[in-house]
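Below: one structure, written as structure tokens.
Note that the chains are named A, B, C and D in the order they appear, and that numbering of residues resets to 1 at the start of each chain.
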């Protein structure tokens, strides 16, 4: 047992943090100017878009831990690129469906594909159906969803060129598109072979985990920003960080963020290492923990920043908005807890 | 102990309700253009004034009716209940003026304040002086028969639309910080005054910052003695508005009804968890309402506003923020996908309730003082 | 509108506080020595046991406000006498049933009667039925319950001499007896006339209110004790009350106790002044608020007392135990909230 | 990163499980008589020692096996899983001795500590020195070749049954308070030692106070140099046991299963609210377990125990106390009427978790230090 990043994983973390640092906003207006294309190229060049493609033995090039490391770093940087949508959720779906060429294509960084979620953002969309969202769709030409068939679910590709309108989502760092009506069956192109139920659950475990990692990154960075502010801001002739009330607010937020990190690290390891039921339970646990504390942690950060933390110009609410949206994606604690209960109370 | 209206209060309330029902401008809350909304609020101030509803608890000699603050509370309550436009806030500025101003200043400033001809803002906080107001740096240097003001104010609510400002500035940098501050009554149209709206996280302009560059104020517009500014500020702050004074309680009730409606629309009323959460929100609102009634009763009984107001402020922030959390829990993704964007905006608007007017942390400090806990 | 105690009510508060002060424990071992009989006599002599008897016009001698004032004072003192059981809950039940002589008899202080509650302590027992509890039964010869009849509920008296055994309840300040089996119909003696449904709801409003008042007293006194301790206890060379973390713990507990007081004061006034539905809603609101915060407030008090606050010898847990038990009596927030919801969501 | 046992760890775990299953004394947790329970714990210590399970991570030269602390963690985990008696706590006393003792002291004290012949307690806190340990007043005055100790210690867990005590006392009242403290290894059978159990709010004797009246300690039983007591204490405290080291996590899981059972018995498993609360409790336990695994991994990688332990302590208190709240919510009145008296006792036993070993407030201070926040 050694629940620590390996040296290679530690290096990966630094690479990802460096890319994130160059592409992350310091305040909301940076979101208009930051060079998203350059960030995406850097990710591609560093091989980070290829982590969930498969090697010659059919094994993922990078483990769940590695993808989570990257996801956390990009979350911490509030980086406005569709790493989760394209490089993880869509790529993994393609790889599981055996559409390896399509997965490889995404890893080169030229084309981007994301996923369609149902109207609650709580599950991969099963088409045809009612309104759907393309989440994390920046620069994506198309998005993946499922259709139900006799041999299991079939991955289908839907072009985003028509039938979608931009939605004014809460998250200022991701592009969200809303279908302007039901998706016509004629617009669905099957990709790869049908997915087994297990493959789909494995996908869900990975997806929940990387979203949790994104939340962890958002929270850790937000807390770090707030703590740094308490070391600069003077009131009553002293740094506000010397007030015990402020110290304890920060300490509580820090503990919750770290606790979420512990749960997410395990889920990330479990993705490729445990049987699918255990991996999914670990992922639900991580998502529950992250979703449960994300609102309070980012609110605490806004509170520590005081007046300026309430303003649109300030970065604080960008953390809050990304965390609040991530909470919903593939289901917040209100969705996860009943499923955990099902396993605990009837499944064993 | 009686929570009911006295016969006089009941009569007042009945008349008021009738008047409000007949007078509230239809569709005022649908106005999207900000300037038009401001104009409407000014008009509403004048309308209320003409009907005798502004400054009811002020002394008669200053244009008030010398009534108990209960009448102001009833006005607040019924304005909320009947969905009237926001009430003008004349209390804290008026209090500062009629406690500290010269006779001439009173004659000059009180009537237009009451009537709504002149609207006011409060230039207290600064970027480096938020909770720690006494650290303010905006300086007023005496130059002949004028003061020359330079500095920057923040969180000057209504600064964009105000005609006048109750300004705090440092007139003596050489004495302890609480003692070197003076208060001024300044026109916002003076050269050198620049106002910049502050947009809060909801995306709405809720307040403003004001830049003061060589703004000249005649000496006779200083309020009180030089160095008396801190005392004036503390009086003003003590009369700042709590939840009872801004129709919050009535608004809370209306918002709760909307949240109940959301739950119904989404078919969630069968869920015991949701039912309990809605009932809990009702209890929070009731508790705050009843606590405010007790505090109002103390005020009516002649006790000056004291640190008990901090209790209401904490309950207020908790109620408002919890209700927005509940709405978010009911709306789920819709609040994040833009389908219910108005609720996301309300959520962000609820956050500063625990910051402005003294953060939750400051309120707890005040309560600890009240409990006579050691410094 | 004037939501303040009148001068007379203020005087009553002082009288009750004085009696409470002489009969309240300073530490748990005092509960063995405190002169309960003397305290009861003082209450009788001051006329406080007679508040819910009726005057010649059939009006209660003392309003809900007055009973709540006394209940709060006795709660604050942790006084181990059955004021709630005998002087309020039983007396009111007798008065509502028109059994005025029996009510008068209790007010003189010689005889004591309490009430039987169901096994969840959440309602007045309806007999015959399963196991019941005689709550707040110190020195009581008998207890009241209900039977269901064609004309409404009938108050019945049950002797506590046989068929009851002492229960080791959490609350060290009240006597709790458990029936050792179902209560035989032969043991029930009807008292007074059948109660209307409205009378029973009115009783419930009063009962919930005085229990809330007891909790308010317990909480206020506990917080006051903790605050006083922070002004004596030195650690790190300073009074612990000078630590902002301790100040904020106390401030939060104080706010919750005061908020409960506000809700309870209104409910107390409502008992005799509003129509029964409104009075009951106010009572449920007060009980909900008090029950919701009682655990946390008394736990905070134990926390502020640090190590000694965790010991049996110390008074802190006596507050906790009384508050936790009061929470259950006639239903905690888990019972009240759904009923409030019924009114809000379907009743209007 | 690997959360699984290595092959060696897996083999150790399998052997251990087999051994435990065969060796755990049947019905040990049903023993009501306290002295008998103490005797059983001592016997269990000796049994574990003979099987090589005590002090596994100690250096070989001090009687240990020089293994990674992971093996201690596995022992804790499986002891909890299989319901074994509480493990002896030799770590923190052992650490103090093998870091600070003379060769002769090591030879004298370490073998019986390991073997279970001698059990130890820790005489640190005092009535006036709880969180603020450095203020301790118990005095040790040098008198020839003995120290004479006078004072009172509190929260001396196991004081009633211990053979020896690691005692802190002030040897020099004239220097700053942290510098005048020395540490001693004292027999609890010395004349002048009086132990009084402290009963906690649950009604159970959980700890003790110890009175020291003219207790004479030979100079050679001082640990470390005079005035080195504070450093020794800080080392010891850093190695005090966290949730991972006392089988808490395994116990938590067993308690959670019981609470799930309570909900099932009461027919509450259909209620979504209850299901979610139980799942929430599961998540709390998992989060704590995983956080502890990360910290153990850091320890294994050679990092000294640091302030990160405060995170686990806060999560621990929250998990334990929340689970008891949940049990109370499920049991309702039964917990108050004596029907489920054991749960009331567990509830009160959960309260000091946020007090002993550094209150929740102290843990947050430590985290603020770790975050390098200003003093």
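Following the convention adopted for this analysis, a residue touches a chain if its C-beta (ideal position, glycine included) is under 8 Å from a C-beta of that chain, and two chains touch if they have at least 3 such contacts.
In this text, all values refer to a predicted model and were calculated from it rather than measured experimentally.
So which one's got more C-beta contacts, A-B or B-C?
Looking at contacts between chains, B-C has the larger number.
Distance between chain C and chain D based on Cα centroids, please, to the nearest Å.
Taking the average C-alpha coordinate of chain C and of chain D, the gap between them is 40 Å.
For chain B versus chain D, what separation do you get between their C-alpha means, in angstrom?
The answer is 53 Å.
Among the residues of chain A, which ones contact at least 2 other chains?
Residues 243-246, 248, 334 of chain A touch two or more partner chains.
Please list all residues of chain D that touch 2 or more other chains.
In chain D, residues 272, 276, 361, 364-365 touch at least two other chains, as defined above.
Chain contact graph: line, ring, star, complete or other?
complete
Would you pull the chain C residues touching chain B in the complex into a rising list?
Per the touch definition, chain C meets chain B at residues 1-6, 9, 65, 227, 230-231, 238-239, 241-242, 244, 246-248, 250-252, 254-255, 258-260, 262-263, 265-266, 269-270, 273, 282, 285, 288-289, 292, 333-334, 336-338, 340-341, 344-345.
Spell out the residues on chain B that touch chain D in their complex, using ranges where they run on.
Residue list for chain B touching chain D: 271-273, 276.
Within their complex, state which residues of chain B touch chain A.
Contacts found on chain B: 125, 127-132, 135, 154-155, 198-203, 325, 328-329, 332-338, 341, 344, 348, 351-352, 354-356, 359-361, 364-365.
Where on chain A does chain C make contact in their complex?
243-245, 248
Along chain C, where are the residues that touch chain D in the complex?
119-122, 133, 167-171, 176, 178, 234-237, 243, 245-246, 249, 295, 299, 302-303, 306-314, 316-317, 320, 324-325, 328, 332, 334
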